[in-house]
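To keep things simple, chains are lettered A, B, C and D as they appear, and every chain counts its residues starting from 1.
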Amino acid sequence: MPVSRLLPLSEAIDRFVPDGSSIALGLAQETLIPFAAGHELIRQKKRRLTLIGPISDILFDQIIGAGCVHKIRAAWVGNVITGSCYNFRRAVESGSLEMEDHSNLTLAMALRAGAMGVPFMPARTALGSDLFKTNTNLKTMTCPFSSDQLTAVAALRPDVAIVHLQRADIYGNAHAWGNLGLIRDACLASRHIIITAEEIVEPDVISRDPNRVITPGYRVNAVAHAPWGGHPSPVPGFYNRDHQGFIDYRTESKTQETFLDWRKRWVDSVHSWQDYTKLLGKKRMAQLALTHHDFSESVDYGY
Amino acid sequence: MPVSRLLPLSEAIDRFVPDGSSIALGLAQETLIPFAAGHELIRQKKRRLTLIGPISDILFDQIIGAGCVHKIRAAWVGNVITGSCYNFRRAVESGSLEMEDHSNLTLAMALRAGAMGVPFMPARTALGSDLFKTNTNLKTMTCPFSSDQLTAVAALRPDVAIVHLQRADIYGNAHAWGNLGLIRDACLASRHIIITAEEIVEPDVISRDPNRVITPGYRVNAVAHAPWGGHPSPVPGFYNRDHQGFIDYRTESKTQETFLDWRKRWVDSVHSWQDYTKLLGKKRMAQLALTHHDFSESVDYGY
Amino acid sequence: MSYTLPELMVTAAAREVADGEVVFVGMRLPLLGFLLAKSTHAPEAVGIYELGIVRDTLAPEPILTMGDLPNLYRARWLADTADMMGLLQQGQVDVSFIGGAQIDRFGNLNTSYIGGAENVTTRLPGSGGACDLASLAQRHIIIMNHQKRRFVPQVDYITSPGYGTGTGWRRKVGLPRGGPTTVITTMGVLQFDPQSREMILVSVHPGISQETVQDNTGWPLQIAEELTQTPKPTENELAMLRRFDPQRYWTGP
Amino acid sequence: MSYTLPELMVTAAAREVADGEVVFVGMRLPLLGFLLAKSTHAPEAVGIYELGIVRDTLAPEPILTMGDLPNLYRARWLADTADMMGLLQQGQVDVSFIGGAQIDRFGNLNTSYIGGAENVTTRLPGSGGACDLASLAQRHIIIMNHQKRRFVPQVDYITSPGYGTGTGWRRKVGLPRGGPTTVITTMGVLQFDPQSREMILVSVHPGISQETVQDNTGWPLQIAEELTQTPKPTENELAMLRRFDPQRYWTGP
């Protein structure tokens, strides 16, 4: 039998994310953002990280604000419903953060190239744009067949992908549903994988539906149980998006001082998912709970 | 509301597969092979077709034997459990069939390039092989970043993908499960899509599980109800592989005369799926039925 | 019925969608524009969302972001970003909407670096999917605040390509199709000269003069021969819109 | 316990898999070899199947093809061919098995055109995934009928690259890794000289002489200094194997 990969979140981050790591996270854009794991990076004072992801929706800003980040490879760093993010702005404008500018498509292709095991992927986007000026992993090239002008996107192979999803077994086999963004490609492309899951389930819950598996479990290094680990982003099947959380963060992160207060309250004082849900409070969790359920029809994998 | 795309199989093939079409089919290799649709191509005496697929497992041989095929773009054409296929051999050896030799990987990349809307995809396979001699859609190239030697695989955009799967609604929304092979990429890459389905179900059966959808229904041109439409290949959730069917076909196709007998019995005398199942017989269908069921756990897409 | 400026803009955006079109739907106002089109004159429009969603029905509840769970509920397809980008890159997207912080006369957009990448004064969030939509949709619509500091002769950084330096530029750099057709601003609606590819003011919003638009534009603005007034939202459009944004988060005064 | 030649070959193949390895499993005999390894000395081996299956447990019933439903039942992952090929192309596959119709001294395989593509006398099924496995696995094992017409100085067509023309060839053509390490035939087992990359007979099957092997090989065959006899299947191996192929479809006499 395979060995259990179930670890406390703190140990998973400690063991598989050394300083200097490149980390793919926030891969499904607005949904399934691994906030609990991101906050653990902050608590453990990780340094010189490279963060990789399409749009991030405030998680990158939080990790940048805590001083953990050396470089960003992303298409958009901000707060989807309020706009710019302040820690990110401060870091770029002061010159302390290296930036590799992608579009969503070039980042998707960079991870897909990594997933496919090829050194680059061609694309038709971004031609004529200035992304080429601030991203040396984009080059123009000529198609060997059609002589079309193309954008070559260099492969990305993150050291670790951190993925929050709905349910996993202790062996690293896991289900995600909803929009999947770059999750599947990033898992294939990355050297290590850490999964945080709303639920740890019996192995047969996963193995009775292998099409819903996100990546083969033998490639997963750690599984951590993290209920509400995606909050304030939405997790299909578990809770709705906490819009107020994103709106509040705009004010909370406006200055370095207010950000420190936010960090004390939401990160430093939290030592477990139980702490986090206590802080969140039953009332707020109830407000975010699903009120309209909609269950998938079963399918038969028998023989 | 969208309009129904439900058509009798004969009308679907008549309307969306003109002579000279390039057709992707048999995309999941051993499973979910669209035999019913392939037989309809034969009955309608289609001509000058190009068949595209990874390994085909006797269906290509049947369509070749009926004189419908001008060109094959495939990695392997044969009978998985018996070896070579005779109509294919006769056609290639007599020079009447054009062949574009792929590997499974190069064919997957050709369709993925079509799906992604790029004119080619790089790969690391086949270097030094003679596939380059018999496939002008492969070229060696140098990586613009690493200067690695690579195989450039030209994009394939079939005129039509024909896919057999488990359940569809009348609007073209459909679920498939099991190994998916090149089905998803081929559907994205193809200009038209014909789906044959074991079951036509209420739309909500599909829409309650959008992750299991194979391609967006608005891109599907026709849906035909075809119970046992994958026989003798296996269809997860419906029936096991009819090994005897593949073993018998070896003898049945050994000469042009025996093939004609096979064709009369299994294709020309059949005018509906009801005819086919009658020919198959209740006993044989019972032998192929699933005896061990294994149902997936439901997931919640509520809000 | 009184209306707000964002409501006028969203309504103008919605009218750019023809029935049955495939729309690549962006965040914020474009999200509302698509919902409004869908619920009025374009019921058969199909929405593609970059995070991996295809849907052709309205979400059952108001949504603020494309990832809100009601937008996933009974979607036609939930899949990978790469799948959505494939449809876009193939040319299967008819129209898309993007916003911008800085625009020039040829419709190039900057949402990355004010001051340019070398001497950045303000770092903006970046492209997201905007560069891709501007590169690869059959056409794209831009939604902007109309201010002189935003309407500049030349953008500091091209995040999302418009017509570059004018006629023939897109073809020259290798873009396979597309380009901006309409810019909907807080003051009016602009289109592009089919020859020169330069922006032309075609309508002003009620209460806004041609001169005010010029005063807020950083170059001598071309004006259409028959300058019109942007049509006001109808009561039906407003009613729909307020259903989608009941708390007036995006379309409040 | 008596055994058949295919049983001996499958057993030899199975022994090439080390515990915990990732195996890209081909059709026919390789399928049985993997199952046998898994059920004896390599219980933690992981199987990847090109049609879109990853599984690390035995199928609950005998299977004849990798697409048989018991092979899908409780798989670890059911996905796309491109996903499996990605793992292979990245170099994440330790070992693979392929068959061949024609082989040369450097382990190049032809499963496409006897007579060559220009003057084809016999058209064979083609590559399938074999070319990819031979190109991209860390190492691959070949299973062959040992006949003079099959063991030729130079193959008519390279479907699946071995060592090409010898030392340094794979690197020169750009293959990132790999190469054949073992050829299991109906007569013996061959490996490759680490310097010249030419095939060397390392063991003969019980009852087969070195001379018989040479007579059935189309070039002067190199022989290992310590030529051994291929180990017979153990009772346990045979018992397992017959569970996987109860009707002796693949391993009958």
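FYI, contacts are C-beta pairs under 8 Å (C-beta built on N, C-alpha and C of every residue); 3 or more make two chains touch, one makes a residue touch a chain.
Predicted, not measured: the structure shown is a model, and the values here were computed from it.
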item: Relative to chain B, chain with the most remote C-alpha centre; value: C
item: Intercentroid distance (Cα basis), chain D paired with chain B, Å; value: 27
item: Approximate Å spacing (C-alpha centroids) for the pair chain C, chain D; value: 57
item: Interchain centroid distance [CA atoms averaged], chain A/chain B, Å; value: 36
item: Numbers and ranges of chain B residues touching at least 2 other chains; value: 117-118, 123-124, 148, 150, 177-178, 180, 184, 208, 211, 236, 240, 290, 292, 294, 301-303
item: Residue list for chain D, restricted to those that touch at least two other chains; value: 60, 68-69, 72-74, 78-79, 82, 85, 88-89, 136
item: Listing of all chain pairs that touch each other, if any do; value: A-B, A-C, A-D, B-C, B-D
item: Residue ranges of chain C in contact with chain B within the complex; value: 22, 44, 46, 54, 56, 60-61, 68-70, 72-79, 82-83, 85-91, 136
item: Footprint of chain A on chain C - complex, ascending; value: 27-28, 49-53, 60, 64-69, 72-74, 78-82, 85, 88-89, 112-113, 117, 120-132, 135-136, 157-161, 164, 169-170, 173-176, 249
item: Residue ranges of chain A in contact with chain D within the complex; value: 2, 115-118, 173, 184, 188, 204, 207-208, 210-211, 213, 215-218, 301-303
item: Complex interface listing, chain B residues touching chain A; value: 117-124, 137, 139, 141, 143-146, 148, 150, 152, 154, 166, 175, 177-178, 180, 205, 208-209, 211-212, 236-237, 240, 290-303
item: Chain D contact footprint on chain B (complex, rising order); value: 28-31, 54-55, 74-78, 80-81, 83-85, 88-89, 92-93, 99, 101-105, 108-109, 112, 123-131, 133-134, 140, 148-150, 177-185, 233-234, 236, 240-241, 243, 290, 292, 294
